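Chains: A, B, C, D, E and F, in written order; residue numbering restarts at 1 for each.
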Amino acid sequence: MKVLLSHGDGGRATHQLIKEVFQASFNDVELDKELDAAILDQQGGRMAITTDTFVIRPLFFPGGDIGKLAVTGTINDLAVSGARPAFITVGFILEEGLELDTLKQIVQSMARTAEEAGVRIVAGDTKVVEKGKCDQLYVNTTGIGFCNEYIKLSYQHIKQGDRVIINGGIAEHATSVLAERMDVPLSSNVSSDCRILNGIIDQLLTEFHTIRFMRDPTRGGIATTLKEIAEHAEIDIWLEEESIPILPEVRGTLELMGLEPYYMANEGKVLLIASEEESERIVDFLKAIPGQENASVIGHVSNGEGSVFLKTSTGGTRILDMLSGEPLPRIC
Amino acid sequence: MKVLLSHGDGGRATHQLIKEVFQASFNDVELDKELDAAILDQQGGRMAITTDTFVIRPLFFPGGDIGKLAVTGTINDLAVSGARPAFITVGFILEEGLELDTLKQIVQSMARTAEEAGVRIVAGDTKVVEKGKCDQLYVNTTGIGFCNEYIKLSYQHIKQGDRVIINGGIAEHATSVLAERMDVPLSSNVSSDCRILNGIIDQLLTEFHTIRFMRDPTRGGIATTLKEIAEHAEIDIWLEEESIPILPEVRGTLELMGLEPYYMANEGKVLLIASEEESERIVDFLKAIPGQENASVIGHVSNGEGSVFLKTSTGGTRILDMLSGEPLPRIC
Amino acid sequence: MCLSMPAKVIEIDEQRRTAKVDYLGSQLQVGIELLEKVETGQFVLVHAGEAIQLINEEEAIQSIRYWKELTQG
Amino acid sequence: MCLSMPAKVIEIDEQRRTAKVDYLGSQLQVGIELLEKVETGQFVLVHAGEAIQLINEEEAIQSIRYWKELTQG
Amino acid sequence: MNVLAYRDGTLFNQLFRKFEPFFIEKRESLGRKFRFMEVCGTHTVSFSKTGVRDLLSPYIDLTSGPGCPVCVTDQADIDQMIAYAKKENVIITTFGDMMKVPGTRTNLYKERAEGADIRVVYSASQALQIAQEHPHKQVLLLGVGFETTAPSIALSIMRAKDEGVKNFFVYAAHKLTPPAVKSLINDDNHKIDGFILPGHVSVIIGREGWRLLEEHQIPAVISGFEPIDLLTSTYLLTKEMEQSDYTIKNNYTRNVKEAGNEKAKSILEEVFTISSPKWRGFGSLPFSGMEINSAYEEFDASKRILCETPKSRVVKGCRCGEIVKGKETPFDCKLFGKACNPDRPLGPCMVSSEGTCSTYFNYERANKKVSL
Amino acid sequence: MNVLAYRDGTLFNQLFRKFEPFFIEKRESLGRKFRFMEVCGTHTVSFSKTGVRDLLSPYIDLTSGPGCPVCVTDQADIDQMIAYAKKENVIITTFGDMMKVPGTRTNLYKERAEGADIRVVYSASQALQIAQEHPHKQVLLLGVGFETTAPSIALSIMRAKDEGVKNFFVYAAHKLTPPAVKSLINDDNHKIDGFILPGHVSVIIGREGWRLLEEHQIPAVISGFEPIDLLTSTYLLTKEMEQSDYTIKNNYTRNVKEAGNEKAKSILEEVFTISSPKWRGFGSLPFSGMEINSAYEEFDASKRILCETPKSRVVKGCRCGEIVKGKETPFDCKLFGKACNPDRPLGPCMVSSEGTCSTYFNYERANKKVSL
């Protein structure tokens, strides 16, 4: 069965869709009430709010799907902000003609991811647009979390000598979707790194006390994220090319298309800035967690004016900047 | 200047767009920080969360635009839930080629509406999709509000004899966008009723104490919303056709297209269910507010099983149901 | 089977054989090719974007008057 | 001006004159019409979706050996 | 002219109080309620939506007739139209009414979701305009409707010829109303005391268009659609039952002339030729339809756009065929409101907003106290 | 074969330690740094990206040459391609490199946002496939590139003819590299001590393709693109400066044969004919380009798709014309990094990822300590 415009008009068909697909999967008492807003009992604390819309193609990719990604992305944004994710809202835009089974799979994937993260999906919305006015399905997730009072992460805490840590190989998400997105007869066994990080980050923040700042290097890759950090914190960042973890097949795929791994999206990575003293222990701690074995110190902070430098394996130095324009396959 | 794909890739162009358009208009310290999540100091209380995505055409209509509508819709969802709206997040999907000026106008309209409502826009996201994969611009707004402890609105409080009240004429929003949406050479001077209701509702909840429940009859119109209420509350609702406020030109436009006003969207209306005793005073109170002069008691509640009946002006009775399928112009 | 509305002609485009008509305050562009002739101010019956008849206003008034009188008789 | 990668041929489709090649673990479908002949297991240089040369493996090994020896000399 | 005069609630109620004793008296003298048929689907909706049907129900059984164009369209025609929609390079233009009519396997609404280019139009001229805007596409207008709608479609065909448009086509499935009414009269099983004749069809064909009915000596009134039209037409029809001169009464003189709209009729003659198509429920009815004639053949989709002829089958259990003849009501259909409802209509009578099943579903459940 | 052998950091460092005294000695004996030109844009990027340029900078000034195909394309050609993109019913297929190249008024990226149907392809055969999938459209491939890229495009044209494809067209703006290098040598203002010749062009034309350079007795080495290739080629070139037999050295023997790829050369000959196009910076260079020949004329966009010729003008202040000739560096351009940056490129050298300005912007600002 396919999605029809009437599934989005707010009438009987919309109700049926909500009941059969969303309520059935998300299984939250607030959704069952079908009210204008979810009402959540006494909440308190410093509150974190984040929102992201997901317009990715393909909807399903090795290691995940848009549903998993949408929940993961928002949970990770809260987690790297030092917050414990609590609630998520979900806003779908569906293209007329989408297979309902596709939608169900995605919704179930969201539900699983949210459950795994211990987060409730408390409100949702669905709109259907005419065929050709959407690329199958877009989804917005907005997340709300609460912060422990004693944890304060900030650009301002970053100091000369601090270390830059990443919890594993870069560019895996972008690489896993590359072939289909660029319509190239390419295949590799690269799986997306799409993964919720709130559990790990919660442990890190409990265990270590000199984590200055965190970011998840999604769109734009580690280059863009570190450049943003360097600019905001008004420091320089120096990376060692050889210590940046990257799978050979990720490197291979990207070289074939003329693309640079530093600018490619990650969906289960966190960049941590921490004190030199704690940095090695943080890496060891991470390495002991399954799936985080490639964690590594990849660089350090120096006083500066917002530049990111990369020391190459031949001993040269080059600059990294923010992504400029969507990465396109190149011949030269 | 037009929106390009690079405005949505998370790189330099995205940053520029965020700075020049969003930060400039929304003007919130949390947005300026460009963090993964907004961090809001100590919040407390029962929390209300709602999300809605807006995919309307045309973007600009008499009485509003998609930006005003998106903020209004979410504020009203919180308000009818008995919550004071506090924070809003904004998630844009832009079509490659959209005029940047169009975007700016819409963003400014959102900012104005939020300011008028006393609500902060604290987080945002922008994606750009290829030309033809969106209809100019879609926007999700997610709202967070807090409820007074003593106000509890619920289906369960609705009782036999309660009155149904509306704060003005119906179907005005749908009618204002009809001609363009249906591509019909039709014109009328109907303005959308698009209007934030949190102020009015706040006054009502302070002033009156027998308001059982509220809903804003958006998509699907008053018929769908009242049918939802009747079903959830397991009561019947009886409406008097002659007391339902409707502008003649709204009626005329809809008759020309063969459409029924009861199923058409409103964007500045609230359906209140209140005790018989307070109902007339509520209406008088509303009528004294500029723009709410057409408020009226339009029906009452009886024990029942979830039906909505309409007593016609000729004395007959008919049923109202949920909207079934998008309203289309008809010849028969 | 044939939803039609009585609307007042407010503007005529002889060139394109269309007219702007008003029904309860909303205006619609309709074809007038099915009418022998029509003038602004007259009422026409509109169906599917075409004026299908010039309304006999005299008859409209007379009829309603007839029924009104009947109630008094 | 001409981004090219050395990749190993792992499968040949003689019909369509294409081959599947492997570069560092990722596979790409490329044309082989510009080559006189090629066998699986050989290395080819890939540019813009075409294999533009059969790589001389012997030379590849020799060259690097030459430079290695030089460092010891 | 005050459009709303014929909706005036006060006058309506005064008239009803005036007529009610007469209705009671006639019912008592006849020993049963009268049974009138409203031929026209718009009448069916109006009687229900205004509540007049409910109000008259103690005295009069109002039966719905074959006056919903979508409902009487033969299943084969529906399937054929859907088949055209599946063709590449074809844009289907249609009045909104057709979108959800169930074909044997699918409907236009679902085909659009599958990618068919289907546009809902409000007028035939809009369809012609779409053709002019897309010269590389074949633009096909689904020509469904009775005498009221056919002239505007004929006009669009003439205009297409005038302007040399080569990519505009009409699938002409237009029907004529009087032959269907005649066929009902000839059916002895029918117990219809009188007909409420369709006002807007009459606008085109005139009072004289119904002359063939006069010989059968059955009371009939041409009616408008406002509450007062409906009430007074019912009253006149009841009076006719008592004493009739067996002429068709015109209770819609403001719009219906003796000869109808002569210009419209001549345009129909210019473009169409009379045919004997199949109707749902009725089968083939002689001289009951309009085909595009040879002078305009180049605009005839069935002649100019090649398309396979799909296999057609009516949904098992659907009573639409009997309902359009007024022999059964939706409440006689086992599927009504259960397997068949406006969200998942099984027959055309449930999908068209003026289909009898749809109307009864939307408006009459309250009165029958049927919980569905 | 181990692809990564030529990237081995340890070997690289051992070699560098080995060569460094020699570089120092030669610089001292010459009394200045040597000035080499890397002809190829991919070399330009590789020297920067790997940091080898930075490492060699105390001894060697590496100048970038005319080896970015997008950069040397004449402004008139760029504008013409964009003009094609604006035509209705045309699908432009292009390698990603062309998307943001600034025309006089707009670029392909912006035209796509305006609604032009422009598809980035990875290979010429993908473009041909798009043509086959859209028989009603004219599919135009932007044929930009040197000897390396041209054969695959020639192949696609031959295949289109074979398979009777009627809607595939190529805008052929291919260039030959040796004539540009020759023109630089003939220029007396040039102080180039040696050339690092493009490895992948040489794959096609062979070592013999550079014979015309030998008579000028300027040291030249054909090089690969990995760090060890770059380092050893520079070393060999330095050695050549000392004592040369004036033959072109081949330091890329794993890929480059004496005669190149003879099959590719014959395919080029089959489809193209030598022409003398205009280059950015150079003006017209004799026998420096390839046009579709008369046997394949039906696939020549410039002959078969009518299109106005737009007015062209180079951005005021842009030094690309001098930069592609190696006469200036990006740091000589007043717009570099200010009005002109990768987000808003004013000249082609800033937009192509292997354009000299883009490369210097992305990789070299760190070393020049330029804050932009």
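As a working rule, contacts are C-beta pairs under 8 Å (C-beta built on N, C-alpha and C of every residue); 3 or more make two chains touch, one makes a residue touch a chain.
None of the values given here were measured: they were computed from a predicted structure.
Colleague: Through how few touching steps can chain B be joined to chain D?
Modeller: Shortest path length, in steps: 2.
Colleague: Determine the set of chains touching chain E that also touch chain F.
Modeller: Shared contacts of chain E and chain F: A, B.
Colleague: When the CA atoms of chain A are placed over those of chain B, what is the turn angle between 0 and 180 degrees, to the nearest 5?
Modeller: 180
Colleague: Which two chains have the most C-beta pairs in contact?
Modeller: A-B
Colleague: Among the chains, which is located farthest from chain D on the basis of C-alpha centroids?
Modeller: C
Colleague: If you average the CA atoms of chain B and of chain F, how many Å lie between those two points?
Modeller: Inter-chain centre distance comes to 57 Å.
Colleague: Where the CA atoms of chain C average out and where those of chain E average out, how many Å apart are those spots?
Modeller: It comes to 21 Å between the two C-alpha centres.
Colleague: Quick one: report the Å distance separating chain C from chain D, using the average Cα coordinate of each chain.
Modeller: Computed from C-alpha means, the inter-chain centre distance equals 80 Å.
Colleague: Out of chain A, which residues touch more than one other chain, so two or more?
Modeller: 5-6, 12-13, 184, 258, 321, 324-325, 330-332
Colleague: For chain E, what residues touch not just one other chain but two or more?
Modeller: 41-42, 68-69, 95, 109, 122, 126, 145, 149, 342-343, 354
Colleague: Residues of chain C that touch two or more other chains: which are they?
Modeller: If we look for residues of chain C contacting two or more partner chains, we find 1-3, 5, 23-24, 47-48.
Colleague: Okay, in this complex, where on chain A does chain E touch?
Modeller: 2-6, 12-13, 16, 96-97, 131
Colleague: Touching chain C in the complex: which residues of chain B?
Modeller: 184-190, 247-249, 251-253, 255-256, 258, 330-332
Colleague: Can you name the residues of chain C that touch chain B in the complex?
Modeller: Where chain C meets chain B, its residues are 1-3, 5, 7, 23-29, 46-48.
Colleague: Taking the complex as given, what residues does chain B use to touch chain A?
Modeller: 5-6, 9-15, 34-55, 76-78, 80-83, 87, 89-93, 122-127, 129-130, 132-135, 138, 140, 142-145, 147, 215-216, 218-220, 224, 228, 232, 263, 265, 321-326
Colleague: Where on chain E is chain C touching in the complex?
Modeller: Result: residues 1, 3, 5-6, 11, 14-15, 18, 40-42, 67-69, 95, 122-126, 145-146, 148-149, 151-152, 155, 198, 200-201, 203-204, 228, 232, 251, 253-255, 257, 261-264, 267, 354 of chain E touch chain C.
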